[in-house]
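The structure appears right after this line, and notes come after that.
Chain nomenclature is as follows: A, B and C, assigned in order of appearance, with residue numbering initiated at 1 for each chain independently.
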Amino acid sequence: MKLDSKIPKGELAEKWTKYRGTMNLVAPNNKRRIEIIVVGTGLAGASAAATLGELGYKVKAFTFHDSPRRAHSIAAQGGINAAKNYQNDGDSVYRLFYDTVKGGDYRSREANVHRLAEVSRNIIDQCVAQAVPFAREYGGLLANRSFGGVQVSRTFYARGQTGQQLLLGAYQALSRQISRGSVTMYNRHEMLDLVKIDGKARGIIARNLLTGEIEKHAAHCVVLATGGYGNVFYLSTNAMGSNVTAAWRAVSKGALMANPCYTQIHPTCIPVSGEYQSKLTLMSESLRNDGRVWVPKKKEDVMAIREGRKNGNDIAEDDRDYYLERRYPAFGNLVPRDVASRAAKTACDEGHGVNSTGLAVFLDFASAIERYGKSEAHSQGIENASSAKIKELGEAVVEAKYGNLFEMYEKITGENPYKMPMKIYPAVHYTMGGLWVDYNLETNVPGLFALGECNFSDHGANRLGASALMQGLADGYFVIPYTIGQFLSKEIRTPQIDHNDPAFNHAAKETEARIDKLLGVKGNQSVESFHRRLGKIMWEYCGMARNKEGLEKGRKMIQDLRKEFWGDVFVPGTSKEFNPELEKALRVADFLEMGELMIVDAHDRNESCGGHFRTEYRSAEGEAERNDEDYKYVAAWAWINDGDPVLHKEELEFNNIELKTRSYK
Amino acid sequence: MKLKLKVWRQKNAKDKGQFELFDIEASEHMSFLEMMDVLNEQLIEKKKEPVAFEHDCREGICGACSMVINGQPHGPQQGTTTCQLHMRHFKDGDTIAVEPWRAKAFPIIKDLVVDRSAFDHIIQAGGFVSVNTGQAQDGNAIPIEKTQASKAFDAAACIGCGACVAACPNASAMLFTAAKIAHLGLMPQGKIEENQRVLSMVKKMDDEGFGKCSNTGACEVECPKEISIANIARMNRKYMAATLASDKK
Amino acid sequence: MSLTGLFLISFLLIHLLGNLALLKPDGGVAFNLYTEFMSNNPLIQLVSKLLYFSILLHAIQGIIIYFSNRSAKGQRYAVKTSKNTSFASRNMALLGTLILAFIFLHMGDFWYNLKFNPESIPMVTIDGVQYKDAYHKVVTSFSNPLIVGAYLIGVLTLGLHLWHGFQSAFQTLGLNHSKYTPIIQSTGRIFSVLITIGFAMIPAIIFFKNM
């Protein structure tokens, strides 16, 4: 299969503008007849469904949640990037483009990323118009902060709840279309299969989660915006319900999964506290603006802390190793996520971890509190302020900036982060890989589109902070509404798709059979226990550091686990009722295949890049070593049941950026 | 720690439902939902049906979790959702009663799961700014006073969990509705259609079967995002003004 | 509710101030003159009609809201908590019903007899003019410990109703401001305490004076 990325000709900066101006359109009278299914109503899905509804298409939107407002986009904390240059610090579309390609370790498509940087500015405008309450300066203008991997301040934010506010904006825009009747909303519906007619995506099979009914929904095309697959690791910062099923069903119908091994491990999460743990909680990257990461230099200090005889504050300044500042003086604590995570792992592997499990490092705000306290004392005209006063003033500033994050930390750990340094450790957070899409965001299955985290397109091997929100909204508000016309303009003569077409009946039968098979196993182990075991295998062999032997072992283990699952899983209840365990079982079944594909991809990629770190490929200093000669491609995999996945390559071309070893030193 | 759990079990909306008692061993570092996970694992091990409850993000922002714990929505800790409530707030030997949100407008689906679509309907009635994609001017074209934006944010922090309705002896949705009206009305972009918005959202709220506000203030106390009932007063004010200003006879 | 409530609150203040005449040690002269004025002044008559109407409206609305709210709530919680609401705010309907019953008792005892059963009220002469001796009637009633007890309960109920009702009315009318609401709330509390003490004081003092 030849993968055609359909990148328009011309100068990089002109591509999108020119393409947009010459794209095929669908006339309003035809739009009214054309149906579009949007699966997933997070940032990408809700913004797409709303915008397509505004344009006049007949949209059917699906979410497995009880309301679109619960999508996991809501949990994004830190912010959204945009090349507005409001801070006059030298930002530009090109710089955002450059930072993103570099941050992604040169494994993304130039043209896609440039388009993303271009429309980033429109996103902010759009969200402001929707009354998203972004943080503002005293003069009333929008405020910015910095995120990892960049040297400008381009991140827009709404306290520590930016994702929530942006999602509510999109949800409200979607609600408006629902009330106008242009979007029909299907809550508590989970997509369980893709239906193709004559090779084109023409609908989905969905399970009504309340009644268990298997429903057939037809449309002229299908848009997937179903998020990432980080939950394959069991423990991640993803929501409990986040899953790969919709995307994986598409893969089983011939869509290609691109770069599945690129997983983002976020450096600042609350460490695991016990076996019962169900998920990990992220502490926003924005904390690294002011927090300093360190571990004790001396092993005896480490032991004292682990045994509770000392705490972080007891360690003298000279006995601390601010390892990020030491290793990466240019970016310091604001190195990209993959770099920061690996550095934390290295520190812990060397025996410097600071909690009982040995898997935690300090994130310390003491010096920020002092710095802010002094500046606040100065601006309040307090001379010779006491250190207690400075601390008090500084804590107030820190509270204003990160109050809700500090509160969340205290709720979970029971420790006060204003007084004691936080303990953090990396955790799975985002998956850069996803369904392969071309420049139109269309997969290799005609009429099937993928947006947001669900596709692979913009972040290469590592995503920069505050770029997920940007990509989700870019795809939904400003890309798909145009590019979908490239497909639909050829469909204006296609009558309404009949959901009683044999293809639908066949797919529905298959889905029912799959469910019956799961319920019929009647084994002895819970779905949860399989998921936990899968997560452990993935983390151990395909986590922050990978190697050939481990990956081979891991693959075998997953294959065995999958067999065991289908032979011994116990799913209570029946199919024709509200049955959360069955929902989970269907998702875990797909994770068990996806996990294997991730391992296959990681095994195949003999280099280290971004979130994919192969221990065999590193420099003397322990930094990742890319192999541009052999691996400058997108690995798009076709899944073969009970066989080896088949690799299709899309070579990446870099005409505007010079490929360099990524350095943040 | 050893606990006794009294959990509401109800097969579906029509079933009468009753409490079921469980003994459970928990760690104080667990979140309340992780304790419920342990319970469900035990039930599944015994081939019994697990307790259905809603949850998703488990970091206090998606608004899915919904349990009334010892009579209080989201339990005893203020400003905290059930998923962020940790067992260290309970004592060894405690008996904990867990019930679903109770309100006619939130019918029970199963066990602790209720149907909160009524909230979506209220938002659909006008909880938005009528602006299409692509119609926006530059983000900095209209400066907004920092404190004003911050007030709007306080109201916009609502996670739509429904604890306000659950806590209210009248099952009133005033805090939810008022928070959205305040968020949008305090921003210049949302100000323009505020009169129409407040009339139609309030009407929808009443049509959905929520009760009337009697200012008990329970909603404000139990709101995990600590949204103030000053927003309700604001809505009342705007509602009166909009009614008087309306051209409708 | 809020408008009628506030009107009734203003009435309570006037009513209390007028009734304080009962405590003037002049053998009831001031109170009897006050009663005469209240019974015959046409403006007061008009206002009193408005008052009766307000009480009725307030009660009927309250009852309707109570039942519609009950049905909106549906099934109640098995475990009740008092952690998120005040006693008064939870029980406004109950308190209101008790107050209504008290009003009937109170009206039946005084107003009904004054208006429809004049024979039961002796006459008294002040400055050569004959007046109904309402004062005498009050003193007689308040010598009965049962009646005094009922009054004390009634007044306490009223106080609790006001404890929530006063500030609640402002909230309903949309007046809530971080600066002024605390003032409204404390005013409401002081007002309900004063009204309770004021109205409780009258039967209590008269009762003990005549013991």
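Following the convention adopted for this analysis, a contact is a pair of C-beta atoms (placed from the backbone, for glycine too) under 8 Å apart; a residue touches a chain by one contact, two chains touch by 3 or more.
In this text the structure is predicted, and so the values were computed from the model without any measurement.
Both subunit B and subunit C are touched by no common chain. Innermost chain of the displayed assembly, by C-alpha centre distance to the whole-protein C-alpha centre, is B. Set against the C-alpha centre of subunit C, every other chain centre is closer than that of A. Our note on geometry: subunit B versus subunit C, Cα centroid distance of 38 Å, whole angstroms. For the pair subunit A and subunit B, the distance between mean C-alpha positions equals 26 Å.
A straight line joining the Cα centres of subunit A and subunit C is 64 Å long. If you check the complex, the residues on subunit B that touch subunit C are 8, 19, 68, 70-72, 76, 97, 99, 102-105, 167-172, 209-218, 221-222, 229-230, 232-240. Residues 12, 27, 29-31, 33-34, 37-38, 40-41, 44-45, 47-50, 52, 54-64, 77, 79-80, 84, 86, 88, 109-110, 113, 115-117, 119-120, 123-125, 127-140, 142-146, 149-150, 152-153, 156-157, 159-160, 183-184, 187, 189-190 of subunit B are the ones that touch subunit A when the two sit in their complex. Listed in rising order, the residues of subunit A touching subunit B in the complex are 47, 50-51, 54, 65-72, 74-75, 84, 86, 122, 124-131, 133-142, 158-159, 161, 163-165, 168, 171-173, 175-176, 178-179, 185, 187, 210, 237, 239-241, 273-274, 276-279, 281-282, 407-408, 411-412, 414, 477-478, 481, 526, 528-529, 570, 572-573, 577-578, 580-581. If you check the complex, the residues on subunit C that touch subunit B are 65, 68-69, 71-81, 83-86, 89-90, 92, 164, 167-168, 170-178, 181.
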